[in-house]
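Reading through the structure tokens given below for one structure.
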Amino acid sequence: MTTPLLETRGVWQRFGGLIANSDVSISVGRGEIVGLIGPNGAGKSTLFNLIAGVLPPTQGSIIFDGEDVTALPAAERCQRGIGRTFQVVKSFETMTVIDNVIVGALVRTTVMRNARRKAHEVLEFCGLGPRANVLASDLVPSEKRRLEVARALATEPKLLLLDEVLTGLTPVEAKTGVELVRKVRDTGVTVLMVEHVMEIVMPLVDRAVVLDLGKVLVEGKPADVVRDPKVITAYLGDRHAVGA
Amino acid sequence: MLSVHEVTTAYQGLVAISAVSIEVAKGEIVCVAGANGAGKSTLLKSIAGAERPRSGTVSFDGMRIDGMAQHVITSRGIAYVPENRRLFPRLSVRDNLRLGSYLYRGEVNREEPLDLVFKLFPRLQERLEQRAETLSGGEQQMLAIGRALMTRPRLLMLDEPSQGIMPKLVDEIFQAVKRIRDAGMTVLIVEQRMSECLEIADRAYILQTGRVLMQGSAAEISVNPDVRKAYLGL
Amino acid sequence: QTSEVVIGVIYPFSGASAQMGVDAQKSFETALDIINKNHDFDLPLAKGEGLPSLGGAKIRLVFADHQADPQKGRAETERLITQEKVCAVIGTYQSSVAVTVSQICERYQIPFISADNSSPSLHKRGLKFYFRAAPHDEMFSAAMFNFFDAMKKKGAKIDTLSLFHEDTIFGTDSANTQLKLAADRGYKIATDIKYRSNSPSLSAEVQQLKTANADVLMPSSYTTDGILLVKTMAELGYKPNAIVAQNAGFSEKALYDAVGDKLEGVISRGSFSLDLAAKRPMVGKINAMFKEKSGKDFNDLTSRQFMGLLVMAEAINRAKSTDGEKIREALVATDIPGEQTIMPWKRVKFDEMGQNNDADPVLLQYIGGKFVTIFPPQAAIAEAVWPMK
Amino acid sequence: MDTSFARSRRRDLIVAFCLAATAAVVPLFVKDVYVQNIMVLTLMWGALSQSWNILSGYCGQISLGHAMYFGIGAYTTALLFTKFGVLPWFGMLGGGIISAVLAMALGYPCFRLRGHYFVIATIVIAEIVLLLFHNWDWAGAAMGIDIPVRGDSWLKFQFTRSKLPYFYFALALACVAWFVTWWLEDSKWGYWWRAVKDNPDAAESLGVVVFNSKMGAAAVSAFLVAVGGSFYGQFVSYIDPESVMGFQFSLLMALPAVLGGIGTLWGPLLGAVILIPLTELTRSFIGGSGRGVDLIVYGGLIIAISLARPQGLVGLFSPRRKEAAR
Amino acid sequence: MTAETIIQSLASGLLMGLLYGLIAVGLALIFGLMDVVNFAHGEFLMIAMYATFFLFVFFAIDPLLAAPLVAAALFVFGAVVYLLIVRFAVRAKANAGMVQIFSTFGLAIVMRGLAQYFFTPDYRSVTHSWLGGKTVSVAGIFLPVPQLVGALVAIAAFGALYLFINRTDFGRALEATREDAGAVALVGIDKNKVFALGWGLGAALVGLSGAVMAIFFYIYPDVGASFALIAYVTVALGGFGSVFGAFAGGIIVGLVEATTALLLPPSLKAVGIYAVYLLVVFIRPRGLFGSM
């Protein structure tokens, strides 16, 4: 593997007095599935926002695909291949599901026919095919999260940022979700995901990065990470100490 | 305490739950589980008055509450934490919590449940002045539960409270639910994390495509082989 | 023979100037009464019923609302002509609407009497079917300056003028005329204030008037602004030497109801004066008829509207036809002596542009709660009180 | 799935063609100029509202200052013609281009504003321009511009009595505005605009350059509205600031779209077809009373329609909407 | 231009500004805080002025005494308007903003029509009142008493509104309902009651300003149009969500208007106000003190 696909170099984010990210340097290699975990409020979603270009970092830089994208706006980063979902879903409520996805597909093509075909493919892939013509506002929360993924996939990203898209699933359903993410990776997409459900994270990710209080706490193979006492005290709690 | 009898609720003609009956006795923790789209949330909405059942009755403390306005139902002692939380995004954490005790305005001890809330979620106490919309996902969930507790409910209905909560806290939340029950409240909880939930629940219902598939004591359900296969993936 | 002659009357009946339309309606109805019923007045068509040379045909008026919008005025005129089959049109209060209404009348060759528009530009557009029996602002303003000249001769100090005018056609036109006359006759313009009509406040404007403190304040304002102007002047302690107003608001009852106590001695131009009733008793009687309908005395506007219909009806009667071209010819030939009007005019006779240059304006002064004619001398019944109050 | 979508698009086109063809022959049977006048106004307001709808309906940037573009179109044409003898057709184009450029220039600072701040900015800017025209002597100031009509001429686009040429122009304008909307609706822009309207943050994350999308919508919208304004100036042959730039024109432009269905293909035309004849008829037949009854009726209907069908009347007709709602 | 002119202009501007503030205070509640568009604000003012006028004509009640009565009447009116019309407009799922604009715009037209029908389009004035026409003069600067009183009422009204919004649970409930009308039921708040009260209060404040305005302004069915836009700009300039902002907005508008009239032809007065609004929001997109 050559250069990593994504690198954050000493990234800081402050909100007034609150430091949401402090000196975060992580890297994600091509084709990896990396789990970003950590306590509530650790700064995971904030880091996603910095990578996707919603906010400029207070300090530090973001390197994507070998180039410094720190100054680029979100739309430009999407065009370069960063796809993301929002933890608090942001569907286009007055549009149908398929139209939501078409918006994503239009980054890569301006031919409507192709965009539409692409959108249908992605919807089938995500299991939303039957809901294609429903208004997004009529979806239930779990479907909306899947729509977020579908939309992001339609932009044909090189890097996909998934922010808690597999929550609220029964363990059985979660397994299908895990399969889905694997399939995504198999199409050549690198995945950086936030998830709190260990049953999902553990089997899925190649590597896990643990954030705590805005800083990288530990980083490594998932099996090692969950055994780390620091992670257990800060994040997992006792039950998982035993379980893992 | 709560009795749902043959309730059917539909969205624009599309039936989401049909003839669902459940009972919750005082002091119980009852868990409702089921696949995505089974109708769990719809059931809670129908009880809370957020959706109007097409038929069937809902009684609380022996009084029919179906058809009542949602705010009246709340004032009768049912607190509902919806799946999407519905915080007041541009108000501060403090104001969100204060509004929770709106029904007790003017009373000296209106802030009483605050101790419990802060004990459960110390993070909220640190963030009192922050706008709710800028809280992290998990913090928002904490605030939603905290706000519901401020209404001093007799029946607390939680829709997937563990969603977006870190593992350490998930256990704490379930323990908290137990404590809440011990503090005298009754809890109706919808959860996907069935195994954890069943550990604290007294009884459980399983919904499938809008109907009650199974019901029984938590212990029974958790050892039922079908359940273990279909829902726990074991 | 036609038993009915239909005339279109187009005014604002809703919106900010609805009151003008409603008053106009009453005035036209008064004139209609006089034409269609038998009255013993020395006015054209008063005696006998209807139009004698059309076999006693009665006149019917169709009112249309133009809402002060030129496009609507246009559309309504077209409707009146093509659907209601009117043979003549009278309007419009707002000059901007008169522009389009007269255009349409021209296109359909239907005569239009501009009863109460005073913008001088209107008759200079080379329209063949446009007629105005009443004076326009150049004539009115000329009368004012004639008056100033006369007062100066008598020793009054009149050197500087303050113009205060609103920003629609009426005010702009009026001010332009006054500026020109002032330059011609050697008066100095102390300040020329153009303000936005229906402003919520005029304090800044009044403050500037006060600073300029000219010998004469010459407002061209509609009723609303007139009321606010006078109140604001009182509040800011500005008492001008004299006010000579370009009519409009300053001939409206509403203004004097509101601030009449502060206006003792104000002078306004006009084409009508009730004190004419002393010389011509029928004026008083007709005024009474109007007052019964509207609760108001005739003022400058309503009297002109009244005359507009009479002049038109008289021409139709002479034309012996409801054909537009024939009526036009009859209008061109109109020659009604001043005594057969309710106005202090010499007579009604149109020049080649359709303007009646013999409609002598008068200046009226508000004294003791009513208007008295003070100028020109032949019409005056009292000496001007100068300075006011 | 795909084909059903294509089919409904094609159906829209066929329906539009049939409607336009029917409309084109109507004046051959309806000769009454008053009725023809109403038809011209209906088509014109339909076209204007359709154009407004592009920026405000599809892209969600509610503008209540579009009268400004309308007025600029009218003034450009009238000034060029009366001062320099430039034919109205060039004036139309010029007015359109000036408006489009102005829309983008103003968009630059304004599109940062959200919600009511934006709406009020649009109102206020239009009001400033109105006041400037009111005080601009060269452009006639309050006196306005009286466009001399010498006789029927297609070249000078003026006709003394006949409404037919105006009718066909208005019809063409409505068709163009409709077609542009139809065409853009299923294009990159159409999707971008709707995305921007629903959730700009999400749109941005999907590669939509929100700012450019708004600029595009503003330019197209302003251009078409200005052409409408040019037409109106020729049609009325007299313009003054109040009668082409007044705030009420901005509201009137929005109203058909809102009543018919904002952000929909057919809404503006449907709204105009109902609203314009209604306003004209109420004014003509009950307005002359001077008692304000026409206002009560007109206002009452606006309240009733906007409350009874907040999503617009178009939902009553369109099968596609129902499908979507299913 | 003398110093006296400038001082007088600024003093008048300040008083006028407070008056604009007074007219805007009701709007600051409904539009600024509750985030509901009321295009009929000017017409609310119009009926308040008529109410004052008729109380004066028929019962010889001085506008100053009439103020509380008018406020009470308007309170009822506002609440009724909310319950009969606005309630449905805010409920609309599809394009709620436009539905609010146009249902209240329709209401404005109806109100004007009704006023014309019942009161005729005549221009009315309260001819004599305790304060009308009175002026105090301080060192050559004239301060009209009605406007002075208006200014005091404005300050009091803003103070009361500020305390009300920031110190009471009702104020918080109002904000919560604005944020998510569907969610307030979760804490036992009846959104219709809260908003009806909010509208009632907003209208009552308009009632106060109407009574003050009637002392020195003319009254006719379209009078509201002169003030509506300025009131909107005032609220937006100060920033949505801020009571203090609307107050400051009013003062700024008054001062800017006075200053512009000194520098430009007075017919362009309003341009100054509008330009300042644009300038402010281009620099601060949330207005001066806005929170939303």
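Observations, loosely collected:
In order of appearance the chains are A, B, C, D and E, and numbering begins at 1 in each one.
Operating definition for what follows: a residue touches a chain if its C-beta (ideal position, glycine included) is under 8 Å from a C-beta of that chain, and two chains touch if they have at least 3 such contacts.
Here the structure is a predicted model, which is why all the values come from computation and not from measurement.
Looking at subunit A and subunit C, the chains that touch each of them are D. The minimum number of touch steps linking subunit B to subunit E comes to 1. Of all chains, B has its CA centroid at the greatest distance from the CA centroid of subunit D. Averaged Cα coordinates give subunit B a centre that lies 50 Å from the centre of subunit D.
Inter-chain spacing, taken between the CA centroids of subunit C and subunit E, is 37 Å.
Mean C-alpha positions place subunit D and subunit E at a centre distance of 31 Å. Centre to centre, using the average C-alpha position, subunit A and subunit D are separated by 43 Å. Among the residues of subunit B, none is in touch with two or more other chains. Among all residues of subunit D, those that touch two or more other chains are 131, 134-135, 263, 290, 292, 294-295, 325.
Counting only residues that touch two or more partner chains, subunit C has 14, 18, 21-22, 167, 194, 196. Chains touching one another form the pairs A-B, A-D, B-E, C-D, C-E, D-E. Subunit E makes touch with subunit C in their complex at residues 1-2, 5, 8-9, 12-13, 16, 19-20, 112-113, 116, 120-125, 127, 133, 135, 137, 142, 144, 147, 216-218, 220-223, 225-227, 230, 257-258, 261-262, 265-270.
Chain contact summary for the complex, subunit E toward subunit D: residues 31, 35, 37, 85, 88-89, 92-99, 101-103, 105-117, 121, 221, 229, 232-233, 236, 240, 265, 267-268, 270-271, 274-275, 277-278, 281-282, 285-287. If you check the complex, the residues on subunit D that touch subunit C are 32-34, 37-38, 41, 131, 134-135, 141-144, 146, 149, 160-161, 232, 235-240, 242-243, 280, 283-284, 287-290, 292, 294-295. Across the complex, subunit C meets subunit D through its residues 13-14, 18, 21-22, 25, 62-65, 67-72, 74-76, 78-79, 82-83, 96, 99-100, 103, 107-108, 121, 125, 167-169, 171-173, 194, 196. The touching residues of subunit C, when paired with subunit E in their complex, are 14-16, 18-19, 21-22, 167, 193-196, 198-201, 203-205, 207-208, 211, 223-224, 227-228, 231, 234-237, 252, 254-255, 257-259, 262.
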